[in-house]
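Next come two complexes built around chain A: one with chain B, the other with chain C.
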Partner chain A sequence: MIGPKVEAGRQRILVVDDHEAVLGGTVSLLKQQYPDSDLLTAQTAKEAQQIVANTPLELVVMDLSIPEASGETARTETGINLLRTVMQKHPTLNIVVQSAYTKALVRLKPAINAHEGGFTIADKSLSLKEMLIRVDWALQGIVYTPREMRIGLELKPEWLEVLKLAFEQGLQDKTIAEKMNVAERTVRHYWTQVQDALEVYPETGKNIRIQTEMRAREEGLID
Partner chain B sequence: MRDSVLQELFTLRRGLELTALDPQFPAGVADRCQTWLSQTETLQQLLEQLSYQLAPPYIEESLPLALQYLLEPWKLRYPDLQIQLQILANGLAESAEHNQILVTILDEFFQMVLPSAASHSPLQVCLHPHAQGGELTIQLSYADETNQLAIHQMPELQHLQQVVRWLAAGCWTCEQLHQPPFTDRWHLIWQST
Partner chain C sequence: MKHRRHSFQQSLQQWLRREIGLWRIGALPGLLIILIVVIARFTGNLQSFETNLLDLFLRLRPSEPIDPRILIVGIDEQDIQTIGTYPIPDGTLAGLLRTLQRHDPAVIGLDLFRDLPVEPGHAAWVETLKQTPSLIGIQKVLADAGNRPIAPPRGLSPQQVGFADAIPDEDGNVRRSLLGLTDRQGVYQFSFTSRLAEKYLATRGITLENGLRDPVAMRFDRTELTRFTPNAGGYVHADANGNQILINFRRGRNPFRIVSLTDVMADNVPDDWIRDRIVLVGVTALSAKDMIPSNALKGRNPSVVYGVEIQAHAVSQIVSAVLDHRPLLNVWADTWEYFWIIGWGLLGISLGRMLRSPFKVLLLLGMTTLLLLASSFALLMGGWWVPVAPALLVLVLNGAGLTASLFYQHEQDLKAKLHDRQLMIDQAFDAIHNGPLQTLARTLRNLQAENRTTDPIYAELKQLNQELRSVYESMRREALSQDSSLQVSSDLELNLENPLHESLYEVFSHTLSRDFPHFKQLRLTLPTFEAIDDRRLSLEQKRGICRFLEEALCNAGKYAQGMTRLEVVCKQAGDRNIIRVTDNGSSDLQHQDKWAIATGGRGTEQAKVLARQLSGRFQRFPNTPQGMICELSWPIRRSWFKPLHFSANPTE
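Presenting the complex of A and B:
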């Protein structure tokens, strides 16, 4: 485990990858993009769990194919288990999964749907620029999963209810939360999930809520 | 391949990307990096495709997603066919081996029948539960009766039906409509493993 001395009040990002060159490359890239952040690193699931348990973090960027402990073989299953544990214990932590085989994440689909932090998937075939966009989205609390992980339009009833209350009744998040008897944060979580299901993501100069409404109407989800 | 070759290639690619961005190198280096980068990307895509041929995606995780993935290249190859997938058995949990057999059988079947399918007609694939297992229904139409009869006389089709019986513990039957639109409705039924 390596990393700078953690300073109070600064954004902390943990990068998990067993390939030293990838780890170094990702850290140097994130350092350029987020110069005021503290970058921490881990090369095994064990190290990552220790850091996540003991350090308040804003973001984890992790590979799926990692070893459990130093000297062991890297396995996708290990990364999947680490991710499952991290999401259970830290439901609001922002996460980017950077992997050569992101399709395995479909095993965690219910957990991803329930996760209240940002969650984006960056296939390792993405360019640096695209990967940085996924990091930025995760930090904004956005959810991005590839379309091929879904069969058609997969929507939970509560996500649909948010759409109806917002666009058919014109309610704000606070009132929607009261009507649905949930926290306002939960309503924001429903928004990110429904936007991922509708494949609506931030675009410069575009209002994401209006884009969501347009897509929902296209799909016939709201009147 | 996914845990080593593709990872190493990713490392190489990121190294080239970072070098191309590094201002301490002269502009010529960045240009050469861009050339190598595009070659690396091509190699990466080819290796990914090879890995998907060797181990089709979602086989271990989800039969519906594996079927969806299987249909994508067929949609591109036969854009005139309206290929539709309907999933009525989302919770169907089969072993990876069983999913692999089903997906391979279906792929082989498409190779046999799709060249004879009537263009601009629907090809419907439906996955639904059946007794203690599952059922895949495949409905397609042929241009004429000659094409339809030719399919049913293919020895490869009989071999495939035997494969279903032996490897997937299932059966494969067909309802035939011998008048326009010359439709076959295939039922591939299996017991869960």
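Presenting the complex of A and C:
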């Protein structure tokens, strides 16, 4: 099921959910928040995959418990597989996962950590306001995963290196990229990931880099 | 106590039921093989296999001492050269008989057809026959393969004549000896063998009588010569006409004394070689063509012996049985033979049931086969020819391949069933998740939107939400406790069909949340889990790798004192896959040995076995400045000849 006609140059959002009522609710909420965007919908993994493959998208909001094709039973496994494929094929796509069952997502943690687009998880029982914040974060390329998905402080070695180069040597992203022999875009991706690991998220009136430095120092990650 | 016995009975019953269930499926092909082999034997398809094995066994027996009761006077090539004519003239034979008579043998058997006079010296020959009452001559009574019957030497009384006919098997070998038969005129005739034995034993006061168990059989004293039947031993529909017995050939390079005609004429033969002995006169010259194939004897010319030698064996076995209790060759009744075959077949099936490791099955199969051969051989030494070949067939066929693999397959089916059940539970949860939980979530959200979070109903709904979710968790645990082999630790189930690095991350995440003393001070974990090439790994190997990681992490949690930092790497580096766990715990030297001690060396041993399976390497070495590094690495391309199957079943 494909939503309103796609207009060129406008922000496109895909909502995946097999419950018509939930789907309708989410779509109308997003429509309100982003009146200038086109909203597309899919009720099965198959449909979603087709849309993702054929349409340039800014954001996918998806439920994990979906059926493979219409008429089949909705299963968390199907959503996980869809998510894995989408992240593999579109590493910069912004994604919001609507699921309360984060345990199932733990196994995708390596893929989430490697994902370069925004990625947030929003439980369906979240208030509408909070839900919209998560959507907004995803669109900004921010990563948010709930604390249950982490074991204490869990960092990839590259992220630690970014912290050290930035805060111990005061380097800029461009220089860090050169030093680490990666693209500048990758360094930015490391920042979003390490911020999620340190649980530093945007707050009005606060500088996120400085917040990150403070947390890193608190944790003894940098001297 | 009573209760315990009751529960023991119950579990025994359960075990029995399970076992019978397994046997019904797993043993079916095995039973089929037994049936096929039994039918093959019944229809005669195994006869040559069985008789050849009998020959082999007879040849393998240890040598017996020479039988001093028998002397063979073999007319050899040189004798014929010396005399210059063949057949040997009557006069020469008369001379030989007279010379032998001087030493007074118990009986002389003349294994030569002399139905026609051979001059010179025929008159002297007729005269000598009359004066030699201890002489037995031969005739041929059966008309077979274009050969007509041959009359006995003229001048011998009927009691001095025995027939020399032999009934070879289909492969040409002679394994049976004829004792008597009814000729075409309806007259019962004794064979050369039985005449000689009768005459010799008569000198010892033992007379020929009818059998006690079988009135048609012959009997000397207490030795009854059990008649050969068409289906005796390995034979099927054999020609059992007349009265026959199997020949238990005398084993040894020289079972009988053999002298030449010239030796006798020149008086070169010791008196006691002839006196009171059975003297057999026959041809031992290749040119005379009185030869019979016999694989049971190692002849000079492989497997061919002279007719007179076969006669010697036949007479010797009867006389030795009566006087020395040397065993004759006997067979079991058909029923017992089939019991024996089926028994070994069932043993073969149970090998596959008892052991799963192919090497152990092979080893035990080898031992059982040896036992079968040894016991069959021992029985043959005691005179019992048992069906070795069919028993060997059912044992090896059942033990080796089919049964083991089928039991294995069946077990796989059981696992699949468990998996299906897990799937059903997942589906049940999904149903709860998709229906009531969605409604609940919406309701909760609406309540929030209406700012009614202080409403008691809000709290109750939240509670309900929690309870429904905990139902799933408990169902999940319930299902997992049924079969521990499907899971890594107590409450983490992995779907090993997923990419290996995902499963490994799950293990990592799960293990670190477990309650180990040295995870408490852990301040930083540095996990790197990248996709690795796992296409060549079997599920069993993937499980092994997951267990390895779990074990390595658990050990860090248990023994890495003061560990604050833990680095876990799972990645592809060049053409190798690497799994590495690095801790910075106390560099206490004993720390590195604690793993081995705590697991009784099993953890390390399993890791080594796993590394071998993967053609890879397992290492544990100190980290600098402190801590331990535990690493498993293996090449992505594996050599083909390494066993693909991971048979060890690691337990928690």
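As a convention for this text, the second predicted complex is superposed on the first by the 222 of 223 C-alpha atoms of A that agree within 3 Å, B and C clash if a C-alpha of one lies under 4 Å from a C-alpha of the other, contacts with A are read in each partner's own complex, and residues count from 1 in each chain.
Throughout what follows, a residue touches a chain if its C-beta (ideal position, glycine included) is under 8 Å from a C-beta of that chain, and two chains touch if they have at least 3 such contacts.
Just so we're clear, the structure is a prediction, and the values are computed from it rather than from any experiment.
Once the complexes are laid over each other on chain A, chain B and chain C cannot both fit and instead clash. Contact with chain C, but none with chain B, is seen for A:110 once the two complexes are overlaid on the shared chain. Once chain A of one complex is fitted onto chain A of the other, the partner contacts of A:127 extend to both chain B and chain C.
In the superposition on chain A, A:65 makes contact with both chain B and chain C. In the superposition on chain A, contact of A:220 is made with chain C only, not with chain B. Contact comparison for chain A: of chain B and chain C, C touches the greater number of residues. In the superposition on chain A, contact is made by A:21 with both chain B and chain C.
Once the two complexes are overlaid on the shared chain, A:75 sits against chain B and chain C alike. By the document's definition of touching, of the two partners only chain C reaches A:155; chain B does not.
Only one of the stretches 512-520, 620-628 or 638-646 belonging to chain C overlaps chain B in the superposed arrangement, and that stretch is 512-520. Common to the chain B and chain C contact sets on chain A are residues 19, 21-22, 25, 65, 74-76, 100-101, 106-107, 124-125, 127-128, 149, 151-152. Contacts from chain C toward chain A in the complex involve residues 426-427, 430-431, 433-434, 437-438, 440-442, 444-445, 448-449, 465, 469, 495, 498, 501-503, 505-506, 509-510, 512-513, 522-531, 567. Across the interface of their complex, chain B is touched by residues 19, 21-22, 25-26, 28-29, 65, 74-76, 100-101, 103-104, 106-107, 124-125, 127-128, 148-149, 151-152 of chain A.
Residues of chain A touching chain C in their complex: 18-19, 21-22, 25, 65, 73-77, 100-101, 106-111, 114, 123-128, 149, 151-157, 160, 219-221. In the complex of the two chains, the chain B residues touching chain A come out as 2-3, 6-8, 10-11, 14-15, 17-18, 21, 41, 44-45, 48, 57-58, 60-62, 64-65, 68-69, 85, 87, 90.
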